[in-house]
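Chain IDs A, B, C and D follow the sequence of writing; residue 1 opens each chain.
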Amino acid sequence: MAKQRVGFIGLGLMGAPMAANVARAGYPLLVYNRSGDKAAPLRELGAAVVETPKEVAAGSDVVITMLSDASAVEQVLRGEDGLLAGGRPGMLLIDMSTVAPEQSRSIAIEIGARGWQMLDAPVFGSTGPAKDGKLGIMVGGDAALFEAQRELLGVLGKFLTHLGPQGAGAVAKLAFNLMVAAQLTSLAEAMTLAARGGVEAQKMAEVILASNVSSELIQRKVGSIVSGNFAPAFPLRHMHKDLGLMIDTGHAMMVPLPATAAIHELFTTAMARGRGDQDSMAIYGLLAELAGLR
Amino acid sequence: MAKQRVGFIGLGLMGAPMAANVARAGYPLLVYNRSGDKAAPLRELGAAVVETPKEVAAGSDVVITMLSDASAVEQVLRGEDGLLAGGRPGMLLIDMSTVAPEQSRSIAIEIGARGWQMLDAPVFGSTGPAKDGKLGIMVGGDAALFEAQRELLGVLGKFLTHLGPQGAGAVAKLAFNLMVAAQLTSLAEAMTLAARGGVEAQKMAEVILASNVSSELIQRKVGSIVSGNFAPAFPLRHMHKDLGLMIDTGHAMMVPLPATAAIHELFTTAMARGRGDQDSMAIYGLLAELAGLR
Amino acid sequence: MAKQRVGFIGLGLMGAPMAANVARAGYPLLVYNRSGDKAAPLRELGAAVVETPKEVAAGSDVVITMLSDASAVEQVLRGEDGLLAGGRPGMLLIDMSTVAPEQSRSIAIEIGARGWQMLDAPVFGSTGPAKDGKLGIMVGGDAALFEAQRELLGVLGKFLTHLGPQGAGAVAKLAFNLMVAAQLTSLAEAMTLAARGGVEAQKMAEVILASNVSSELIQRKVGSIVSGNFAPAFPLRHMHKDLGLMIDTGHAMMVPLPATAAIHELFTTAMARGRGDQDSMAIYGLLAELAGLR
Amino acid sequence: MAKQRVGFIGLGLMGAPMAANVARAGYPLLVYNRSGDKAAPLRELGAAVVETPKEVAAGSDVVITMLSDASAVEQVLRGEDGLLAGGRPGMLLIDMSTVAPEQSRSIAIEIGARGWQMLDAPVFGSTGPAKDGKLGIMVGGDAALFEAQRELLGVLGKFLTHLGPQGAGAVAKLAFNLMVAAQLTSLAEAMTLAARGGVEAQKMAEVILASNVSSELIQRKVGSIVSGNFAPAFPLRHMHKDLGLMIDTGHAMMVPLPATAAIHELFTTAMARGRGDQDSMAIYGLLAELAGLR
């Protein structure tokens, strides 16, 4: 059976290697990106590069979006060059961006009115797993639709799970990121408390890594506290955005999130003090500053 | 060389197996516990059981305390039957209880005035590692003193580390427990958000366990959310006590701990609503209740 | 000079008496409300009642909106029966609803593109001052435009102030409501602490009313704590909505609001536990419940 | 009937004018202060100045303490020159310091064992009311004892109230101060939000003062935000201490205080960043800094 034609929109740090995996797996691939130069490596892999989202829709059976936020997704959808202008009933949109479940559902309703189908399918894992096709993919939407796309999704991730109706993937992604933010912030609070109490960062890091709170995330991040190097893997401004979505979602669904709310305000402080382009772990740098350590 | 005589006070869930390990390692052992019946198994291992802390001090070179809080330590020290009444200059107290660094230093000053020495040496790891002699031990106090006690401490734990002067062990323990509380609470917030968003607990648990936020602690606890069984491994009231010590220590050392403060208030709510004797993971039960899920 | 023709949309608890004041002051008045029966008393005062926002626009020089939130404002603006469909360049919209400054500016941009002008002019004061024409009115937008509308606004409020460009009124309203929420919540925390400490509510109320923290707001609300009567003056769900706008605005403008964030989560808890239709002061009822007092 | 002999300990900013009022009212007065020079003005009013708390006790029927915290009270009580060494059964201690109810009760138990009686009687109002004898006095302890001391207390305050058993005054003081801290912090958050939103401080202040949230406290403090002058009326470090007592008391009595906890951490940040000797209103200066406004 011929493989379905795939469109891919959003060739950022995550999207570019993901699209490359789709091309390598032999899917006919159409790509669009606001800044054209990012598409060059994909052309080498056989992808066609087009000028508008509309053209992506016109030439694809499935369109994957991997964008920075819901307003970027809507911008791609709308307008005379937008996805909606080029698509037709029966098409499928797989949105892998991190958005609020409400935003995801609202997009699904809008495109559903045109006869499109949709899966929300945000991911966990950073650029390494994106390159290796080993992301985790959390899917919301029709279960049969998910099953039908297992092969394509399996090119992008090794952990695929269908979590429930439209928006279930989005909410699971926020829940997951909530835990990421909490681990980074509690690591920052713990290290600041220890530092003020006269314990060297390296020593405290050894304790944490030897204990049962150690996670892969903590293993990867604790070194940046010891070294003070906050080069961005996951920029703080993205986590700030996601924390805002968590709080908004908690507000809308009436779920109190008191610890997350405190963390959100800490990240807002970090943004206001110019740390948005540093790594999320720079929340330690902020806290050390607030504690008068630097 | 003859082994030093060890006294052990505090035969609770952690202390009893720790004292047993000391006995099995061949140290002459004197034990005291408020409730005598807990000492019986130690007698079978060759330990002598005495009636007062004073007698423990009189017959030991090193006294280990593993008690519920600083006021329990002080109660054991003072009075006419207290440790101080039976000790002599040159003795060593190894306090393995979880107390605030300020409390630890204040005890050190008090006993130092009588010519005793002290190490603060709280642990991480629960009853399993306590039985297996595989605790983590975080030590504050004189470095040479720590080296001299490596053999004895090695009977209790496999990860031994000297972290700095008196109180450094205590502050590291609080920093570590801060991360425990944050992982439990963020797991609770994440699972509540997911539940409200229509994601089954079992499904969300699989996502978390497959991701980079998964730690041994989370692996052990997530099942109790799925099952709703909060039988106490580490009772919530102990974590509440420790959270209070973190906040007090942050207050005294001027370290802002905004996320921990929010978590502290959540645990206070859990205490007020009768969950003190459940496991710390029952913070999920509370949050689900606050979110109107039950 | 003939008075300008005024349209009024939103005849709720606040809007109805405000529109009545406009009619009594002699302005030709057109009103529209989703549920027609609320317009009857205004008809008696000489107002014309129409079926659509479009007709309001067609027959007015200035349109005042007093609606529950930004999406209600947008709903009134859009569609084939919407305000925009009936208006013409040079018209003025005075939006007195409580919305986020970003929402207000986005509406201003949208209607500005059609040649309309806009003032954001939210109010403080409840139904009493609304009836007496003694509201406070906080205005953002063009200063000359504000001056030109002083007479009309003076019919609704006694304290009129121009605070800055478009959105300045909206942000001031949120800042003001932030203080309202904080006074209610701190009153609740204080009364709960006192109650647990054995001080009768009536006695603690007397202390507060005799002290320098007493405000008109506190004077009006403290009685409901003593009596336990939380009949809605300002329903808790409205304050919850406004708290969400504060947090979103703090997020967007990078202003950390840690106390407000904690209060927001408390109101979310109150919503989840079914208190949305009680008065905002029912936050005391929630807190007493959380503290195990009831 | 001869007036009872009064001892007064603690001649700080509040204590000095209070003691002076006692002297002016004709009570035989004995004073002690750690730094002797503060006692000079009282000598001119006829007070006798002694060298130790013990001498105060020996020459007084009632001893009033107005000290910075519980440890200062205990220091005055204990030792060979302490109050307890000079007193006798039947004496009365009126402690007007701000302490936790637990601390107050613990002092009461200690002195009760020697046959002394005690009232906890903290105050509200600052140096102005202290000079004018117009403080509020919140009393805990035996009701008959309170009645017997109405005349003396009436020299110090115009609002006297008996709130319940030992510790009731202390808890009411904390509850009151909780509201003070919340009004200052919410004023700071509101003014920062407004400033970021383009509203001038002076304009926002006018809105607040015209509204129903305005209290005497806010009227007095808002000017310092507009002017940026944070000369200490009530130093921030005192409020920080009191916030710690509130949180500890909430912990001990199981009263969740989530808003106060967030405020406490903000004050801890202000302490760490060197604002302890500024006025409590300098919490605005901190927040403006956190928001990147300065």
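By definition in this document, contacts are C-beta pairs under 8 Å (C-beta built on N, C-alpha and C of every residue); 3 or more make two chains touch, one makes a residue touch a chain.
In this text, all values refer to a predicted model and were calculated from it rather than measured experimentally.
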Please give the intersection of the contact partners of chain A with those of chain C. B, D
Pair joined by more contacting C-beta pairs (B-D or C-D): C-D
In terms of mean CA position, the chain most removed from chain B is C
Rounded to a whole Å, what is the gap between the Cα centroids of chain B and chain C? 52
Report the inter-centroid distance (CA atoms only) between chain C and chain D in whole Å. 38
Rounded Å distance, chain B centre to chain D centre (Cα mean): 37
Send over the residues of chain B in touch with two or more other chains. 250, 254-258, 261-262, 265-266, 269, 272, 290-292
State the interface residues of chain A toward chain B in the complex, per the touch definition above. 101, 124-125, 136, 138, 159, 161, 163-165, 167-168, 170-172, 174-176, 178-183, 185-187, 189-194, 196-200, 203-204, 206-208, 210-218, 220, 246, 249-250, 253-263, 265-266, 287, 290-292
Chain D-touching residues of chain A, taken from the complex the two chains share: 258, 262, 269, 272-274, 290-292
In the complex, go through chain D and note every residue touching chain B. 240, 244, 247-248, 250-251, 254-258, 261-262, 264-266, 268-269, 271-272
